[in-house]
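Presented below are the structures under discussion, each in the form of structure tokens.
Both complexes shown next keep chain A, but they swap its partner, so chain B is in the first and chain C is in the second.
Now for the complex of A and B:
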């Protein structure tokens, strides 16, 4: 009875997550209008042409390239800023940890749709050259990823007992840079990967900021493209969603196999 | 001036971070708040008042109702999902699949998600048609991509996975020994949850729901794709920002954003407080 209840719950949720995706797949890959859909026509008119049409779109590739580069730069900036900060705080000034935890939550107070207004007042008038490149999005994306990335890194430091490792290495005479590079960082692979995965998902999905600053990234391209080619647009969105999910789960699985547990937790 | 090596390292790592936050977060934010209080260069509260009147008041009411409803339902379902998953050891693939799916669904949602629901519950949606055949018009219940309950359903798609992710650590803080101790003293499963499990989880669960509230209050992409003209705060901000109205209305935009920041800041203060209460148990 209890088992049945559990599986009913899981099954219902699974249906809730899967049915919209199936509806999307049907709309994208089957050219039979909903009105004419009956059990007899259910298997008719399926083709993969829409995704081929999307793949033929040169703008799709340039938008994807932009989004992937944005993700890479954002990950680099995030790690450069946060790893030294998280490590030094943990081993030298653990009393400051609560302060840092609170500070890194601040980006949540000013979501993209709010900050874009501030950027319009400040950078657009004061330093328009800064917003000229699409890569001006990088610092802002790093900002919104921070609540997740800092927590992922901090969880990693706690899990490996970084302070004990540091003290042990210190007592044997290793200087700080060596301890960080040869002991702490190699032990943090899992949480660094988790931070990178979360950042990637965020960058590949962010729409508000890019759209209002008129930058073409994958999400803004998808919206425009879907308005001109409804079915190809849906096919593209579905493929992007599934590919990202598969990529992240592969990374998680590879790490698990190596005995590293990944926390994809935000908080 | 000679600095201690510790201070030097501290400054070296803290300065770039502080400069980063200052330039890209605080500077634009302070500029908004300053502009909100000084429309037309004089200090006045008129703009802030106008931002909470008429259609903008309705926007705040709609957004708050939507955020609160999805936070509550999504919170309960996400927490239940995490609790159920914890009791299942197999199949093991389910755990890793759900973990990565949640990470993607809670972040990537936005645009593809809106498309998926248009295909499912839009006017030409397959579920709309399916329910029509058994004589139910789901639009009558507000379940359409532009109706309130339709938006709730769509938002739950990213709220449930987010709650699942944030409640896992708190659930892992519940020791198995507590449950065994309760069982030894004759408490049933239900009694254990009422007297031990739920009271310990409450701060974490409320914290998670607040996060969900913040998350859906600020959500833009999904709402924009489903109904760009909807009366929700993020859509109204876009409308004002793109200058679709007479000039001078930018001030109204600053005022609305100031209110949003205030609301989210208050939620976050409450969230940090609740988290501190949670840590009492999970770190013990």
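Now for the complex of A and C:
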């Protein structure tokens, strides 16, 4: 009975995610109208033309390039800010951890519109050049990704018991820069990779900030493209979704192969 | 010669006093165990000595030099932690090398020292393995090798055997003692396991509520505890009634004894008597009855109900208690050469 309930629950959950994706795939890649869909026609009319049409759009490539660059810069900024913060908190001020854990959730309390309007008002007067660049999105994305990235880094530090490693190295006479460079960072690789993967997934799917700041990234391009070419737009959305999922699965698989678990990486 | 001298050290965390007026002298080359229940302040004392915590009051000297304000990395101490604290990204050899590099040991000497450390800890075949490829006992031996490789002035061990299973714990305990004697390093060993402490320490300091209750050799601690806490914490003890007699002595089961405090004639108290200090003689109509016997190998533990008193536990040599049976009436007396007891 318990087993049947478990499988019913898992089945419902799987259907909740898989049915919309199948519908999306059918709409994008199959040219048979819904009313004519029968078991006999289920395998007819499939074609990859819609994704080829999307690939022929030059704007798609430039938007993809922009999104990838944004992901790279966001990862760099996030790690630059959060690694020192997480490491110092863990080894020097562990009592501040709960406060920091709460603070890093704040970006999700403020809606994107409020964040963008607030920042825009400030920067338009003081540094209008900042909002003119597409890379003005980087700080927004770094902030938005913080709840994920901080947790991944923090989980990594907890898993390696960074504070004891730090104390052990100190008792041997090692100075702080050496401890961080030779002990802490090399043992955080898995959580750094996890934080980077999560940031990439978030940047490749973020729409609100880019749209509000009138920047063309892959998600904003996809929305506009769907309005003119519905099937090609949806095909592109599906491919991006699958590629992101595959990329994250590969990262997880590599981490698992190195003996690193969800506790170590947050993934 | 006194190597380590902690004097009147006090440490408070928020509203709880972790150490109060804590003083201890440790002689050069000595192995001292700090023993006590959880939260008694033993780890805090060790961490203050290591320099990881700052004392609110008091001083710490090493070889007559005040090091109270000296940073951890400049104290030339080494510490072994309960959870091994080996660097996961380094092999056993690299872990030891890191310690030597940190102490700026010349590159030409490093290889020789590492090989010697791996040899004395019987880890030659583990040299190129990473911590996750080793067992708990092997990891702790690497941690020990890493700690002694730099020839520290003081070796600090914070419950180093707690995470290991009983058999490994026992063999590693002996190994720590052997290594400590071989290299003669002054060592402070923190543990909550009294068997561990009694087995390896030159002296054991028993702590309770942030205070050092008594520091003495294992035998002195067991045979002449200074107060009821130490008496009950170390080994088993029976509380039996005693009456004050002349000369400040106490009379208990027909024996005149010196107590941890002197008596006034007629005063009634409870005194502590170890299970092995009680003699049992079968005696029909005796004032006590044997209620239970547990065979524990070389000794047999007997539970005996004394008339109008609490039951006492007696340890008898298994080979000598063949005639005793549960339900039998017996007479209890104290070992003739027992002359000192703790008064509760």
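Note that in this section the second predicted complex is superposed on the first by the 256 of 267 C-alpha atoms of A that agree within 3 Å, B and C clash if a C-alpha of one lies under 4 Å from a C-alpha of the other, contacts with A are read in each partner's own complex, and residues count from 1 in each chain.
Everything below uses one rule, namely that a contact is a pair of C-beta atoms (placed from the backbone, for glycine too) under 8 Å apart; a residue touches a chain by one contact, two chains touch by 3 or more.
Remember, it's a predicted structure, so these values are computed and weren't measured experimentally.
> Clash or fit: what happens to chain B and chain C when chain A is overlaid?
Fit.
> Using the touch definition from the top, say if A:165 reaches chain B (first), chain C (second), both or neither.
It touches chain C, and chain B stays clear.
> A:186 in the overlay: touching chain B, chain C, both, or neither? Say first, second, both or neither.
A:186 contacts chain C only, not chain B.
> Of the two partner chains, chain B (first) and chain C (second), which one does A:65 touch, if any: first, second, both, or neither?
neither
> Under the stated touch criterion, name the partner, chain B or chain C, that contacts more residues in chain A.
If we count touched residues of chain A for both partners, the winner is B.
> Answer with first, second, both or neither: which of chain B and chain C does A:56 touch in the superposed model?
neither
> A:173 in the overlay: touching chain B, chain C, both, or neither? Say first, second, both or neither.
Only chain C; A:173 stays clear of chain B.
> Upon superposition of the two complexes, what minimum C-alpha distance (Å) separates chain B from chain C?
Distance of closest C-alpha approach: 11 Å.
> Which residues of chain A touch chain B in their complex?
On the chain A side, the touching residues are 6, 9-10, 13, 16-17, 19-21, 23-24, 26-28, 33-35, 37, 81-82, 84-85, 88, 92-93, 101-103, 105-123, 139-140, 142-143, 176, 197-198, 201-202, 204-208, 211-212, 219, 222-223, 226, 233-234, 237-238, 240-241, 244-245, 248-249, 252-253, 256, 262-267.
> Please name which positions on chain A make contact with chain C in the complex.
Touch list, chain A to chain C: 160-161, 164-165, 167-175, 178, 182-183, 186-187, 259.
> Per the contact definition, I'd like the list of chain C residues that touch chain A in the complex.
For chain C paired with chain A, touching residues are 50, 52, 72-74, 76-79, 81, 83, 85, 87-89, 98-99, 102-104, 132, 146, 150, 156.
> Where on chain B is chain A touching in the complex?
The touching residues are 6, 9-10, 12-14, 16-17, 20-21, 23-25, 27-29, 31-32, 35, 77, 80-81, 84, 87-88, 96-97, 99-113, 115-117, 119-120, 124-129, 156-157, 160, 162, 165-166, 168-169, 207-208, 211, 214, 218, 220-221, 224-225, 234, 237-238, 241-242, 253-254, 257, 260-261, 264-265, 268, 271-272, 275.
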